[in-house]
Structure formats: C-alpha cells, structure tokens
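Structures follow.
In the two complexes that follow, chain A is the common piece, with chain B as its partner first and chain C second.
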Partner chain A sequence: MSFPWAKEYTPSNPVMQFLDEKLPLPRLVYNAVGAGYPVPRNLSYFWNFGVLAGFFLVVQIVTGVVLAMHYAANAQVAFATTEHIMRDVNWGWLMRYAHANGASFFFIVVYLHIFRGLFYSSYKAPREMIWLLGVVIFLLMMATAFMGYVLPWGQMSFWGAKVITGLFGAIPLVGEPIQIWLLGGFAPDNAALNRFFSLHFLLPFVIAGVVILHIWALHIPGSSNPTGVEVKQESDTLPFHPYYTAKDGFGLGIALILFFSMVFFLPNALGHPDNYIEANPLSTPAHIVPEWYFWPFYAILRAFTVDFLFFPAKLLGVIAMFGSILVWFFLPWLDKSPVRSGHYRPLFRKFFWFGLIPAMVILFICGGAPAEEPYVMLSQLATAYYFLHFLVILPIVSQIEKPAPLPYSITEAVLGSDKKAVLGENATPAV
Partner chain B sequence: MTKLLSIRLVAILVGLGFAFIALYSFVLGAYAAMTEEPAGHLPYEEPRDIAFSFDGPFGKWDIQQLQRGFKVYDEVCAACHSLKYVAFRDLEQIGYDEGQVKAFAASKQVPGIDPNTGEATTRPGLPTDYFPSPYPNNVAAAAANNNAIPPDLSLMTKARGDGTNYVASLLAGYAEPTAELLEHHPEAAPGPGLYHNPYFPNLNLAMAPPLTTAGQVTYDDGTEATVEQMSEDVAAFLTWTAEPRLVERKQTGWPVLIFLLFATVLAYLSKKQIWAAVKPKKH
Partner chain C sequence: MADTAATATPETAGETGDGIRRRDFLDIAAVSAAGIGGLAVVYPLVSQMAPSKDVLAASTTEVDVSAVEPGQAIKAVFRKQPLFIRRLTPAEIAEANAVNAGTLRDPQTLAERTKEGHEDMLVTMGVCTHLGCVPLGAAEGEVKGEFGGYFCPCHGSHYDTAGRIRKGPAPTNLEVPEYAFTSDTVIQVG
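== the complex of A and B ==
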C-alpha cells in the first residue's frame, strides 16, 4: 500500500527483530509515520493540521479521563463537583481549562484541516473515502462537544441541551416523543445528564477508531499536495521521517504556545459567563448561544424564519442545519474538475475566496449574535450562498472552468524544469 | 456518466431549493424590517475599566485589598448573599492564620444535628465548613426579598461579562435616572421595590444600594472606606472567591510558555537543518 520505492523496515537490534517477527508493531509505525512512508516533498504548513487534530484528540482524552475521576454526573451535584475540580483537586483547574480550551483548539485545527481539504479538493478521487470518514469524524466531534458542554450543568449547558434536543421536536408527528425519549423526560434533568456523560465518555474512543480508518485510507493513495499533481517518481517524495516529523514538530510547538497562552492567561475567553451560573429551569438566559465552533451552523438553523408551504420554519431550519454538513458527503461527486488544487482553478478560486469564505465569516458572526436585525437577514443571504456554492456553483464551475496549466510533476513544481541543475546532488534525499 | 449527471442535477435542484427558501425568508424579513419599528434596547453602560492588582499576565493578589473586601462581604453582603463554594479554611489563602480562621469559623453558626436527639440545630463553624447561607432555602430568601432571590456570590465575577469591573461599577453606580433617559425611555423609570443603576442591563434591579455611606465598614488597615473603595475591594475579594487559583494559574503559565518557546525554536532549527539538503538551490 505504498510506493515501490518506500524503504523497508530492517531492524538490526535483536529485540526489535524478535518483536517484528512475532508482532510487527514497529513495522506498522515505520510504514505509517516513519521513514517507510514516502510523502510528497512539497507539502505546505496547511498539511500540519491532521497531526495536530490527532494531538488534540489525545489531549481531550487524557484530560477528560482525569476530569471524569472527580466529576459526578448528577443534576444535584454536577455544578458543585465542577467547582470542586477548580478549587480543591490538585491541578484540577489546569485539567478543566485544558479540556475546555482543548475542545476549542481541536475544532480550530479541524476547521483548518477541512479548509485545506476544500481549497485543494483533497476529497477527489482517489481520496473520497478519506474525506467521507473525515466528515463522519466531524459529526462525531460535534455530538461529543455538545454533550460535553452540558456536563458542568450551568445555565448554557441546560438551555443548550433544551434547544438542541428541541430540534428533534421539529420532526413531524414523531418529533415530540423522540425528544422525550432522547432526554429521558420532558426537560433536561438527571436522566439526560447521565446519558450525555456516558456518551461523552464513549464517543471520543469511537472518534479514535474512525481516525484510524481515516489514516488507513490515507495511506493507500498517500497524501495529496499543493499542486494536486499525483506522485509520479521517487524524486517527488521524501520519507515522512525525518522530514515531516521535523516539520510537524515545529507546527506542534506553535500550536502548543497558542493553546497554553489561552489556558493560562485567557481560559474563559472562549466560554460564556452564563455557564458559571448553575442550571435553573425557571430562568431563561437573555441570549442562548452555543459554543463558538457551532455558530455558523446555528446561524443556518435560525436563518429559516418563515413557514414555507406545509413546512414549518423550525423544521426547515433543522433540515438546513443538518443538510449543511451532509452536503459535504457528496462533494467528491459534485466537483468533477480533473484539477485538484485551487491554485490552478481561476474560477473556482474566485468563488472560494469571495463567496464561500465571506459567507462562512458572516454565518460565524451571526450565529454568535442575538436573533435580531441585521444579523438574521445577513445569515439568510449567507445561508443561500452556502447551499448555492456547494450544490449549484461547484458542479457548474467544475464543468465550464478552463484550468491553468499544471506542472508536469511535483519535482518540477518544486525545483523548476532545470532538473539537471537542481537534482544533481540532491537526486536522492538524505535520511 | 448519466448516473453522475443525475447526481449533480439533483444537487443543483436541491441547492436552488434551499437558496430559494432562505431568500424567501430574507425578503419577508426585509419587508418586516422596513415596515415595523425596531425594538429598541435600553441604553445601559459598560463597566468602568478599573485597574486591579491581579489584572494582566503578571497580576498578583493585593492581600490587604482581599482582606478589606472580605470584611465588606462579611459585614454587608453576607446579610443576604451566600458564598457556598468557599470554605472557612480557604481564608488562609488570603493571609489569615489558622487561629484567626478557627475563630472566624466559630463565630458563625452552621447547620448541625443535635448529637443526643438527632434534631436539626446549629453549631459553631469549623474551618472545614463552608460559608453558611443567610437563608434556610430559596423560598425563605424570596419571601424576605420581595420575591427576588439574592444570588450566590462565589462565582459572580466569572458569571458576568467583565465581571470584576462590573461588580465594582454596579455597587458604586446607583443613581437616579437622568431626565434625558426618561424622556427617550419612559419605561426605564424604576418600579416599586426597584432601584435604578445604569450598569445593570435592565437598568433597574431589586437590590437596594448596599454601600451608601463612606465609613460604613471600618477598615483595619486604615484605608479610607469610600463607597468606591469598598466596591472595588469587595469586587477584588469576589474575584478571589470565583477563582482562588487565578494568580497560581498565571504564574504557572510563564515557565510553561518559556519552555515551549525554547523547544519551538529548537524544533524550527532542526527542521531547517533537516530540510536544507533537499531544498532547491537559489539560482
């Protein structure tokens, strides 16, 4: 499942030879993230975010397991045990702030990872399965993050749970029974809190499983690259180790500096003050807003303000919100341009930078703002563009666009066409 | 080929459908916005920007100020507001010794059980006890306060935007509504049992001005107890109750960041060196 010039694992140490014979785990690592995995030599820093997403998944699991040792999922005491962690558990404040901000950073790096995938069309053949698994991971992340936010049992936890489970109430006929079944009652309470805790503990391990499939699927065609031209020859690639381990190490350092700056100096900047008020079913917050990473989708939900034919507005909003992510599943078959990279797609690039990105920014801002003008009207325009972009513009543009000429190979893109001058001494990469 | 074409055809129709309905909502909303009066917001003021010793990345507690604020809480706020996540033992963190904490705890009555009869009773507090609530339950709290339950103050400065400044501004900010405000917003006039405060988002709140006269609390360290001073001191104290680990957090952050900066520079240099051999030569 790799290029023919991939280096083979040849352990010289007798212990490693023994291990390789009985259980070839070192071989697996060597071929996955070691010198045995040839990677395009021209990857930019946009290719760092997959490794970073994996790192933050580990941060979340480690801090989360520690927090679960001190937290009690009971509506009577959940808020108090969270404060117990903050005040009396040794380094509890660090664990909780790292977990809360870790969720935000997990989403930041995953959004940049998805951005990379969209601009460089990483979803195209032969990488459709990697993309589909990635969308599954994203959906699981959203579910996990939502349920995790309920656990401290603050005001936003409670009312967020009420609003989001209320979405299922919009389903015609069976909606209300489904909502009651999901919550285990008529409103979020102990039953809901307990099952959310159980699922919040389970789903990260499901995510880890799908991440393994995601990486497995990646290793069949190998990584895409900024030119979108597939690997043709050995000089197009470099072994993952040491080249990309070093590059990812630097990227990880930058990410950690930003992450710990937030954890130690602005730990509550991405949260909502209302979640430091204990849940109170009798007092509705002035503005119910989800965590920042849900704002674009929350804006789409709220953009549908009027009934249309026999569809109530709420149902339309729910369909659109889930639909806005489900459309990603169809991207490999909607964008039929043979060219992958946005760098060589002049028309696509215009719609991407001047259409999709502004629309996402508007949706992000409107999702965090109160449901009043001009935010509602802006989010309606941006929602319309969002669906037009993926479902109408992308299929048509990919049909009519005349792409710019592509380089013959990655080697040519990196080193220029004068191969003799540039490949002479570096024809084979140093390891 | 025809199959793929049909997928895209369906997609285009679905996309046009979503866009049409979103734009239909937009047009009706735009029409409503043009024909209806927009609902105005009451103009409340953002909290004043007050300099506290614990602000910024190098912030430290001002122990004297925390002790003054604790005295304001104990003598004024504690009459109505609980502080249920703070234990007497925590007071050792703001400069009181074990004996002082024991004496203070013993001066408070906390709920207890009579060891002979099992009846509910009260007993003097121990350092391990938490600050007792002034009311036995929410019903009693509401009954004593014109149906408005005084909120617990443990987390107040984290439960409001810009919380420390907000608490200090609010406590010192009670004032009669201005004539200009009442002219534009007649609904902003305080109702019965309500008090006007420009920093409160509704402009009128049920809490009577708690700090009214200079010298209301006698400070042990000789600081002049103006209303502003007492407001800032109690806001500082409540910042400590909301996050006792705040200074420890900031002080832990620096060595972590300095280490990471160093490690990242090393990572960059090693990356540069490893890649030097395969980078194209500059012509």
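== the complex of A and C ==
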C-alpha cells in the first residue's frame, strides 16, 4: 500500500509497543500522516487544499454541534433561536459566524482542490476512484450547505428552499408529487425545516465517512505531483512528517488568518441582508440568489430559456445543472491523454486557461447577477462551452496533442539531473 | 563545523556541540503558538455551555409577600426552581426556638435563617437537599411531616417549622437563598 522504502513504525516506548500490539492506531497515523508515508518531494502549495478541506469539515462539525445545542428546528422559533444564539449565548456570535463563513471557506478550498485536480489531471489512472469519491463528497457538500442555509428561517432560507425543491417539480409527471413529498407540505414549513435540520446534522458525518474512503483510496497509489510523473525511487519522495506536516501547517496558518479576518471583520460579507428578515411565505425578496458557491450552477440552471423538442426549458435547466457535475464522473475516461500535468500539455493548457476557466468565471458572475441581458446570453455561451469542453474538446485534444517532453523522474525535475537514471541503480542517491 | 555542514540533513542542520539545533527554536515557537491558539479555541467552546444572557437576566425574582397570612405559605419560582415563602404563626416560631440548635444535623437557629425584624417570614428553596424533589407542606392541605414544617415524599425527609432537617436522609436544612426586603412587603430574591 505504500512504497517499499517507507519507514516502518518501531515504537521504543513500552506503552506504545503495547498499544501497537493490541490496537495499532499509532501505526495507522504513522503510516498515513507520519514519517512512514513517502510523498513526492515536489508538491506545490496546490497540494495543501485536501488537508485544508478536511480541517474546515472539522470546523463545521464542531461549530455545528455547538449551534445545535442552542437552536430549535421549529418554524415558530427557529428565527428567534438564531438571534438568541447571536445575542444571548456566550460566544454564540462566534460559533455562528465561524459556521457560516466556515461553509464558504470549505467551498473555497474544495474549489481550489478541484481546480488542482482538473489542471494536473489528478483523476487519471490509477487515481480514478479518488476522483469519483471526491465528486460524491462535493455533491454531499452541496446538499448539506443548501439545507443548512434553510435553518435560520430568514427570507433567503425560505425562498431558497422553495426554489431548490421546485427544481424537482420540473421532472415530468411525478415532479409535483415529489416536491410536495420532499417538503412534507405545499410550501416550506415546519415539516421541511425539521427534516432539513435532521439531514443537515447527519450528512456531515456521511461526508466524513466518504472522506475516509477518499484518503484510503489516495494512499494506495500515493499523491500525484506537479510533473505528473509517477514516483520511481526513494529520491523522488520525502516522508510526510516533518516535510508535509510543516508545509500543510504553514498553509493552514495562512488559511486561518484569512478565515478569522472574515469571521471577525466581515462576518456578513458573503451572506444576504434579506436573511435577517424572518421567513414570510407571502413576500418574495426582489433579488433572490443562492449563496456564492452555487452561482456557476445556478447560472447553468437559468441559461435554458426556450423549450426544445419535448423538453420544457425548466426541465432542460435542471438536467444541465445536475449534468454539469455528473459529467465529472466520466472525466477519467473522457480525457485519454497519458500525460497528466497541464504543464506538459500545450494544447490542453490553452483550452483550460482560455476556455474552461473564463467560462467558469462568467458562469459565476452571471449566477450572482439578475436574470436579464446580457447575463442570460453570457450564461448560455458559457454553458455551451462548459459541456463542449468536457464532452468534445477534451477527448479530441487528448488524441491530437503532442505533449512536451517529460522529465525522467521527479528527482530530475527537481534537481536538474537524476544521477541514478544516468549512472544506474547502484549509484548513491542524489540526496 | 565545515564537515557537519557538508553532511547536514534537516534533522541535524545547525546542530551545536550540546545537541541543540537552531531548528529547535522554530519547533518550540510553532508548537507554542499552536497551543495558545488551541486554548483560545477551547475557551469559547466551553463557555458557550454556561447559562446564556437571557437565563442570567431571569436570575432575580421579586415577590410581594403582603398577602401571606400567618400559617400560610406561597410558592414562587426562582431560577426555574420552586421557592417557599411562609409566614410563621407565633406557635410555630416558639416551636422552632424551643429546639436546642446544637443538637440538630445542620445546626442553625430560626434567627439565622430569617431577616432581622422579619423573624416570622421564612424564605427557603422548595428543593429537598437530599436529591432535589419538591417537599410537601407549602400548599393548603399538604402533609407537613412529623415536625410541622415540610415533608419530602420522595425519600421521607422531615423538616421543621424553620425548614431545618430533623429526620430522613437529607443532609442539610432547606436552602435559604440570598434575598432582601426592598420594602416592608416586597422581597427580592437573588
């Protein structure tokens, strides 16, 4: 499960020896994030975001469990208990602001994590399963975040719940009964609020479970790296501890500075003022948008404005929105290029930087803008490119592209030469 | 030193003769900063479970006792717990004072358990000091126990007319909360 040169756990302390025999937890830690896990020596800071995502999952679970101690999932008092947390509970404001901004930071680091995976093709063999599990985690995160946003029972909570469950109403024939079943009523009310709270509490632990599978799957081939060249020898790797514990620790420090800058100084910058108005089923806010992390997908949903063949526009939008994430499940088989890193793929790189990234930025901006021109037309163009990129451009590029020459090994990429490669297997390692 | 520099690994870099590395300073500084940060995180996580501001705001209670006749008791609520306010009859006062306080399980005189000038006004928590049940004897017609004060039905503790434990498992007298007469007829508890 690891490279043959991985250091073995040899506890000298008798207590640890006892523990290692009965329940080898220290050994698990040693082999997972300790000196017993060799990692490519050339990882950049883009490889920090997995650890950061795990950290923010923990932040969300800890602050969320605390908030649940003071919150009541009842439509009569939910809004009032949220204010009770803000005003009466000791440090309640900190817990709630950390939880709300923690959700945003969780998505920021996960998006950077996905970006890393897309540019360096981390989804390719032998790491397909890691990628697939990652997409599952992302879908679970979206569901959890949506249901959590309903809980304060403000105006955006209520109308968000109504609009998102309304997506299911687009399904032909059974759509409306499904929507009513999901809400437990004809509009969001106590039944919906209660089940959303229950699921919002449950899903993070499901995410934690899939995260364990994600890491387990990762530790079989080990991390990819910026060259995309697989580890060949010991000189290509460094032990996780202390090298990457230190590097991740530094990244964590930066992330915490940014996170608490938001929590303490701009706690509501990413939220909507309308959500400080209690839910009112008789009045929709003038400009209703989801949280920023849903904007690209919201733009795809709204990009479909005319019916096509037998499909009403509403249904097409819903299919496209779900499809925009589901397409990631096929990515390992759509991109057939044997070269992983975008650094060695000149054609792929052009489409990535000048096609996919601008399309995502446009979708992000349009998703947060009102549904009017020019945003609708821009969303349509960007949506078209988005699907074209994954379903057409990527398979073709991977066939016709001539990749740049790859370094022989990670050692060569780092040091400029790989003595073992030149002198043979018995030469002293370069370091 | 030149030799050690040439073969230095991160584990031994900057090592001086006595085995101290320059890197030790960074290690200690980083771990200390993380430790202090960790404590700063633990403090609010512990503190949030303490009573919130609205609970603390309800922690004093004012009661008008003018309508309590001798021999009668009323129940009020103080910090979500029952409070017994009882105006003693002269006979009950005499009965309480007749006991040698030194022989009791929790030695206290009636005077020590009431306010000066208001010796007939007995204010106690309605919470048995054994395991927290509400004793009987405050409401009309309830059993008052063998000593004419309060009787706890849970495990049979008998309190006398001064609310002192006389028989049964309770360890101490019924608690007299902190209170004061804000006027002749109004008391503020807490």
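The rule we apply is simple: the second predicted complex is superposed on the first by the 417 of 431 C-alpha atoms of A that agree within 3 Å, B and C clash if a C-alpha of one lies under 4 Å from a C-alpha of the other, contacts with A are read in each partner's own complex, and residues count from 1 in each chain.
One rule holds for everything that comes next: a contact is a pair of C-beta atoms (placed from the backbone, for glycine too) under 8 Å apart; a residue touches a chain by one contact, two chains touch by 3 or more.
Just so it is clear, the model here is predicted, and its values are computed rather than measured.
Asks: Specify the outcome, clash or fit, for chain B and chain C once both structures are aligned onto chain A.
Replies: Superposition result for chain B and chain C: fit.
Asks: Check whether A:Pro273 is in contact with chain B, with chain C, with both or with neither, and answer first, second, both or neither.
Replies: So A:Pro273 only meets chain B here.
Asks: Looking only at chain A, is it chain B or chain C that touches more of its residues?
Replies: Of chain B and chain C, the partner in contact with more residues of chain A is B.
Asks: From the overlay on chain A, compute the angle at chain A's CA centre subtended by chain B and chain C, rounding to the nearest 10 degrees.
Replies: Result: 60 degrees, to the nearest ten.
Asks: Touch check for A:Gly249: first (chain B), second (chain C), both, or neither?
Replies: both
Asks: Does chain B (first) or chain C (second) touch A:Met69, or do both, or does neither?
Replies: second
Asks: Figure out whether A:Pro281 sits in contact with chain B (first) or chain C (second), or with both, or with neither.
Replies: Neither: A:Pro281 stays clear of chain B and chain C.
Asks: Considering only touches as defined above, state whether A:Gly416 meets chain B (first), chain C (second), both or neither.
Replies: first
Asks: Return first, second, both or neither, reflecting whether A:Leu94 touches chain B, chain C, both chains, or no partner chain.
Replies: both
Asks: Please work out how little space separates the C-alpha atoms of chain B and chain C at their nearest point after superposition, in whole Å.
Replies: 5
Asks: Both chain B and chain C contact which residues of chain A?
Replies: Residues common to the chain A contacts of chain C and of chain B are 87, 94, 242, 249, 256, listed in rising order.
Asks: Given the complex with chain A, which residues does chain B contribute to the contact?
Replies: Those residues of chain B that touch chain A are 4, 7-8, 11-12, 14-16, 18-26, 28-30, 33, 38-39, 57, 85, 90, 151, 154-155, 158-161, 163, 201, 242-245, 248-250, 252-253, 256-257, 260-261, 263-264, 267-268, 270-271, 274-275, 277-278, 280-281, 283.
Asks: Would you pull the chain A residues touching chain C in the complex into a rising list?
Replies: It comes out as residues 62, 66, 69-70, 84, 87-92, 94-95, 242, 249, 256.
Asks: Can you list the chain C residues touching chain A in their complex?
Replies: Residue positions touching the partner: 10, 30, 34, 37, 44-45, 47-50, 52-55.
Asks: Can you check the complex and tell me which residues of chain A touch chain B?
Replies: Those residues of chain A that touch chain B are 41, 80, 83, 86-87, 93-94, 97, 238, 242-243, 246-247, 249-250, 252-254, 256-257, 260-261, 263-265, 267-268, 273-274, 276-277, 286, 303-306, 308, 313, 316, 320, 323, 327, 330, 333-334, 336, 372-373, 376-377, 380-381, 383-385, 387-388, 390-392, 395-396, 414-416, 421-422, 426, 429-430.
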